[in-house]
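Next come two complexes, and both contain chain A; in the first it sits with chain B, in the second with chain C.
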Partner chain A sequence: MGLDRRAFIKFVVGGAAGTLFTPIPWKLADDASIWSQNWSWIPRLKYGALTADATYSKLCPAGCAVKVKKVAGIAYGVEGNSANELSKGGVCPLCATGSQMLRSPSRVAGPMKKDGDKFKPISWDEAEALLADKLKGLKGQDGKVAAISGDLSGTANEVLSGFLAGLGSKSYYYMPTDQTAMAKAWNGVMGGSGQIGYDLEEADLILCIGADIMDAFGPVVRNQKAFAAKRPMEGDKTLTLVYAGPVRNRTAAVADKWVAVRPDGAAAFAMGLVNLLVRSGKSASLGGFSDFADLAAKFGPEAVAKLSGVNPEALKDVAKALLVAKNPVIVVGSESGQGAGVALSAAGVTLNAMLGSLNVLPEFPKAVASAPDRAGLLAKDLVGWLAAVDAGKAPAPEVLFVYEANPAYSLPQAGNMAKTLRKAGMLVSFSTFMDETAAMADLVLPAPHPFERLDDAQSPYGLGKATYALATAVVAPEKDCKGTPDFILGLSGKLGVDLGFGAFEDVLKAKVEAIGADWDALAGGAVHVSDKKGSTQASLDAGAMSKALAGIKGEGLVLIAQAHLNIGTGKLATPPLNLPTIRETELYGKDVFVQMCAATAKSLGLSEGAKVKLAAGGADISARVNLSEGVMPGVVAAPLGLGRTAWDPYTKGKGDNVCKILAVSAEPGTGLSVWAGSAVSVAKM
Partner chain B sequence: MEEKKTTKCGGGFLAFVLGFLLSVVAGWVVFPGLLYSELDQPIQFSHKIHTEDQGLTCDSCHFFREDGSYQGMPTNEQCTGCHSDVIGQTPAEAKYVQEYVQKNKEVPWRNYQYQPDNVLFSHKAHEPFECTECHLDVAKADKAPKYYENKLSGYSKQTMKMWQCERCHAENGVSNACHVCHK
Partner chain C sequence: MQAKEFKIRWGMVIDVDKCTGCGACMVACQVENNIAPATPEMDAWAGVTHDASNKLRTLTWMLVYEINNKKAFPEYEAAYMPRPCMQCSSPACVPVCPVVATDKNEEGGIVSQVYPRCIGCRYCMAACPYHARYFNWFDPTWPTGMDKGLSPSTSVRPRGVVEKCNFCHTRFQQAKDKARQNGGDPNNLPDGAYVTACAEVCPTGAIVFGDLNNPEHKVHELAHSKHAFRLLEKLGLGPQVYYYSKREWVHRLGDNYLPNEKKA
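Up next, the complex of A and B:
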């Protein structure tokens, strides 16, 4: 039998038929389907022990007590720490995204040096040698080395400011917030000590003047919990919330009463209340109160109506409510959490003093003895200093450190400020993420993500008691980063600046010991709460206040920037997880929306959706109009946190940065840079 | 003509049968050998030394965590309870300490029963069954069994397939609804 063509074909057909009686086709088909489960780009789950480690997240300005949920040591989620008596298990929309932000594409991979238009990776040793070499020649020259910090509660500031002091420089500044405005008023102009606090937990009436306690002011989660505790779904409400401000924001939305107050007239509104309380026989044991009361007398209900747009009867109603309440607390600030003046802060302090609610928290003892006092640093005016540098009235620093801050993006008149920052001989950014300031820096030395670092928070502004919380590293670093205080301690050793410590952990241990707290308990997520109170002794400067208040015009179109935690902060762009939470009336496509009421729009010849150009302070932004009766006439409201030029593809290029058109002016009488409720022009495009 | 036709037909049939038989043999005998790679575990772990010589029980290393999840293969955290340094004489232990413990690396153990992420298998729910009803009986083995890796799918030869899960569920009166295993 030969194998001819026909036999060969039959052999093949037989083979094919036989294959059907083997596992080959069935097994291959099955395996092929399973193979498709294992393509390399399909993410794989990690399996292992489920744990939840407590720490303190500082992704939001005040920080949140959180538990980082992990599987096999890898963070996958965040929940509030219910053991924390202040936040009671709540977590803010920024800290909630902490585990995702560990792997953000905008994280800085390692130390980098600017090389032309690009960055070149360098080692930490190279970075230290480079800076030591540069700083050696600047030692003992005030103003040659400066630093900007956006972390207002951390002991890391003692290390950095102590280091600067050791180099002979006093140029240490905090990013401007409601806390710095209050420090300028209380610790600066009024000569008080300690930190102003707000005991919301004990209040039966909270009056917020400007301060958006549910979204932008202080420890937002604790504010919400304090409110919720006295406003149960069932049972008696034992708290009244009144919001006085230009926009029906997230505080006004849950308030019992919203009193529409022009942002530039907030101080006049507060003085009007002082006047009515004085008339009702109230007084305050503050130095210079008599002169201050005389000044307040000029702010009768009609005068206040002219300056703030508040109906005289509404003002009287608020005053009556304050007089009737047993524990009223007045919280003052700006809608955006920055740019308020001394006049508003001082009036707020006076109101609380008159109502027996003035609450001063003592400062915790310092760990770094050579560090300047925190209160004094908080009272300094960063924007004023940068304006002086820009105008050539102050020397530009040779080296400018930026820690946990993004001044190139988030300072008022951001374009100008970024230009001024470029005047520094060497800009060094200690940033976890490639933000706008890091992108223009000469040296980027990445700080670990808050979950990867040892850190602390002492009395975040807005609390009613002095508190201390510890943040511990609960996950291994994902990038080649180094704790900024540890880097500075190493650098100080090279430059012969003795800060008394070799490692930041030792600094914090000394701090905890000085406070009298328990390290292990703090590391386990407990918070140390002190019942000690600070001195309420201070003096009112009626002369300075008179000048500051004389600057209020109460007319024209003004801009208020609204801070929303879900959209992000100056130093943290919108986490990708939060992008879907931005409303279509805030951002649509690439257009940011500004809000105004129909009356304002009509006076400007605008309608819903109109494309407009907003200009102020020598800069402009483009936006679209959204008509909202939640904005009082004469006011334009715009959301902060958009218009990013750095960060990642998810957040970059969406909308415009409102900070560019926050026009800065010096508050008469105090000289503090202010921009809350600054004038703006709106033109149809 | 007729005779020639018959001859051709018979030759063709034989060719068909030959092709059929060869492919059947190849499919059942040769194909499995080609489909799987024969691999060793990264460390030649001896269950015998640990169970018989040291008196450990299965759940000394393979245990349920407090939350009910199952540890499965032990990690360095468990192993270094004894093997933070070399304590025995075997080359396998020395290799483990040098290459994994000292380098702070986890051993990439090959899992004979790996299930993909779209399967949620709870050991707790299957606790009443004997381990060996699904797993290889290695308790007294001095060497780790060979691992046969499917060259196409990447899974172990022993990995339980869905029909096996379904059959067992059916036999034990447990629901075979999708959501029971696929969350």
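Up next, the complex of A and C:
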């Protein structure tokens, strides 16, 4: 029997059909899809023992208590440490990507010295010798050596400021935050001691005047936890949140009530409340209260309406709510967490005192005896000092240390400030990342990433109780970096400045002992909380406040900068994984968006998407317009954290830096540099 | 597709009134699931400059939307709405997949996505009304060195496949393994034994995760609250993700009601 054409076709078709009843075609298709996706350049996962080590992450300003998750000893993720009272298991969007930032392309690989326009790697010994040589001749001359710190809670500041004191310099400054204005008010003008605290956990009403507690004010994750604990889904809420500010921001989005207040009129609004409370019979046991109450009487509802844009009835409603609440707490600050004045802070303190909510945290004892007091340093005006240096009224330092800060980018009128920083004889940056300040520094001495270092946090501003947390090195350093306090302790030894310690670990152990806390428990991720309270004795200076308040005009177009933690902070640019969290109404391609309501846009002849130039303080930025009815008329809101000129391709060159147009002025009566709600002009491009 | 019944239905109740839109859930999701950051270099081959400041091709398994009540100042209100995959009871994506790369067939009701099987036709993306599925346009590329610290939880996907949230499925497997090791019942996990990365990290606890069918799990009661609703409920897909808000306008926006339409 031969194989004819018909039989052949039957055999082929039958065979093909038959294979469909076998696994062969399916296995081949499966293999084809697997192997066509299995390329050498697709990263493979590493497997091994899964562990998690507790530490305190200081990537965000106040820090988050976290556990660093590791696989086979390699850090890959972060989870909240629910056993730690500070953040109770929550993590902010910056600390959530802490493990990835260990290997950020922006990390400084090792100590470097500026050589022309480029950096040249040097050894740590060379760096120490170079600095020792430079500083030897400056010892005993005040103002010749200065330092700027962006870490407001670490004991590292005691080492650095003690070192400067040992060299005979008092020029130690903190980066400006809401704590600066409060310290200037409470510890400076009012003569109080300790640190103002906010017991949000016990509050049944929180009134935020300006302060964006869910995004920019104080320990944000703790604020969020305190809020959420009293707003259960399954029961009745036991907390009312009222936000008084110019923008329906993230705090206002979850608040029960949003009262639109012009940023330049926030102090007038607070004084209006003081006045209404006085008229309801409330008083405060603060020195000079009677004169202050007389001053507040000038801020009747109609006057407040003129200065802050708040309807008189709305002001009265807020005052009524405060009077009815059992534990009301007033939190004052600026929308961006910086640039507010003493007048607003003093009014906030007074309101809390009148309502029985004034809360003062005692300072923890110092470990470095020669270090200046923290409260005094916090009240110092960095922007005012740099302006004086720029104007030639104060000498430019020969050596300027910058620790955990990025002043070249994040100070108001950033362009001018960067120019002033260049006047320093030698700019030394202790930065983990190649930020804008490090990029212009003469010497870059990289600090370890927060997961790689020993560090601590004492009472981050905004907490309701004196609190101490310890950060331990839970991963080996990825780069050739050195703990800044240890480097300074080594340098001080060479210069004959005795700080009483040879290593930073000993400093922290002395601190922990002085506090009466348990080192092992803290190193294991616990937090020390003290129930001790500070003295509430202080005096109001109605004269100074009168001058400060007289400066409020309540008219014209004003700018508010909005700090969003997911975009980054002044010292930490947007991490690569955070870019998708920035909305298209904030950044699209290279364009940053400024927000304004339709009424404001109409008055300026602008429409959605229009390209505009914003100018103030002798500088300008370009942006596009996003119409948002969440911004009150007469106000333009712009996000901070964009327009980076250093860092990496993920961040660099996106949008513009709003800090450039934050126009600084001196608050009348107190002299503090202020820029919250500064005037701005907007022109169509 | 007819709804499949499961003894266990993993689901979420997301409190819109508590979400501050911080984005921590989005970041934690990317870390857990090895979603590579989009870089300008990544698509140099196509001659296109593109990164995460343009959302056209980003991968956001979890995405936080900003919504508002469309009113003018001062009546304007805003809220934030995190959107993972809804793990629908009758998923629109499953019947359209020509290669059965996505299915709903495991106890727990999580809609699977088998990457090696996916041929990248994107029918599922067209079918999903929640825009919860993403096409991987680029090979995953991390900045130099960052790929050393990948999560062991989720395999890295090449370009050309569709990706989506799977309720951190590896955590589900780990929780079941742990239960077995400890002599427990892997099919009756206690509340909190299995939690997604987004729910774990959320600073306000706005995302609550658990078994919707288990009365001992918090989500069971919350999902039955009068304040709970589901997105586009009228489509009948039966999402296993519920939202919770006391604000009427949020409910109306959640189901695309016409301005004068009476709410069901």
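The rule is simple: the second predicted complex is superposed on the first by the 641 of 685 C-alpha atoms of A that agree within 3 Å, B and C clash if a C-alpha of one lies under 4 Å from a C-alpha of the other, contacts with A are read in each partner's own complex, and residues count from 1 in each chain.
By definition in this document, a contact is a pair of C-beta atoms (placed from the backbone, for glycine too) under 8 Å apart; a residue touches a chain by one contact, two chains touch by 3 or more.
Computed from a predicted model, the values in this text were never measured in an experiment.
Visitor: In this superposition, which partner touches a larger number of chain A residues, chain B or chain C?
Guide: Of the two chains, more chain A residues are contacted by C.
Visitor: Is A:L3 touching anything from chain B or chain C once the two structures are fitted on A? First, second, both or neither.
Guide: A:L3: touches chain B, not chain C.
Visitor: When the two structures are overlaid on chain A, which partner does A:L45 contact: first (chain B), second (chain C), both, or neither?
Guide: both
Visitor: Per the contact definition in the header, classify A:A391: touching chain B only (first), chain C only (second), both, or neither.
Guide: It touches nothing on chain B or chain C.
Visitor: State whether A:P649 touches chain B only (first), chain C only (second), both chains, or neither.
Guide: After superposition on chain A, A:P649 lies in contact with chain C alone.
Visitor: Tell me which partner A:G77 touches in the superposition: chain B (first), chain C (second), both or neither.
Guide: second
Visitor: Identify the partner contact of A:M685: answer first if only chain B is touched, second if only chain C is, both if each is, neither if none is.
Guide: Neither chain B nor chain C is touched by A:M685.
Visitor: Mind working out whether A:Q37 is in touch with chain B, chain C, both or neither, as first, second, both or neither?
Guide: So A:Q37 meets both chain B and chain C here.
Visitor: Taking the superposition as given, does A:G18 touch the first partner, chain B, the second, chain C, both, or neither?
Guide: first
Visitor: Enumerate the residues of chain A that count as touching chain B in its complex and touching chain C in the other.
Guide: Residues 30, 34, 37-38, 44-45, 47-48, 50 of chain A touch both chain B and chain C.
Visitor: So in the complex, the part of chain A that touches chain C is made up of which residues?
Guide: 30, 33-34, 37-39, 41-48, 50, 71, 74-80, 87, 89-93, 96-97, 99-100, 102-105, 214-215, 220-221, 224-225, 227-228, 231, 233-234, 248, 250-254, 258, 260, 478, 565-566, 575-585, 587-590, 597-599, 628-633, 648-650, 654
Visitor: Within the complex, which stretch of chain C touches chain A?
Guide: 13, 15, 17-24, 26-28, 30-32, 34-35, 37-41, 51-55, 58-60, 63-64, 66, 68, 71-74, 76-80, 99, 115-119, 139-140, 142-152, 155-158, 160-161, 200-206, 208, 218, 221-222, 225, 227, 244
Visitor: Residue numbers of chain A touching chain B in their complex, please.
Guide: 1-4, 6-8, 10-19, 21-24, 27-28, 30-32, 34-35, 37-38, 44-45, 47-50
Visitor: Considering only the defined contacts, which chain B positions touch chain A in the complex?
Guide: 8, 10-24, 26-28, 31-32, 35, 65, 67, 69, 71-72, 75, 116-118, 150, 152-155, 161
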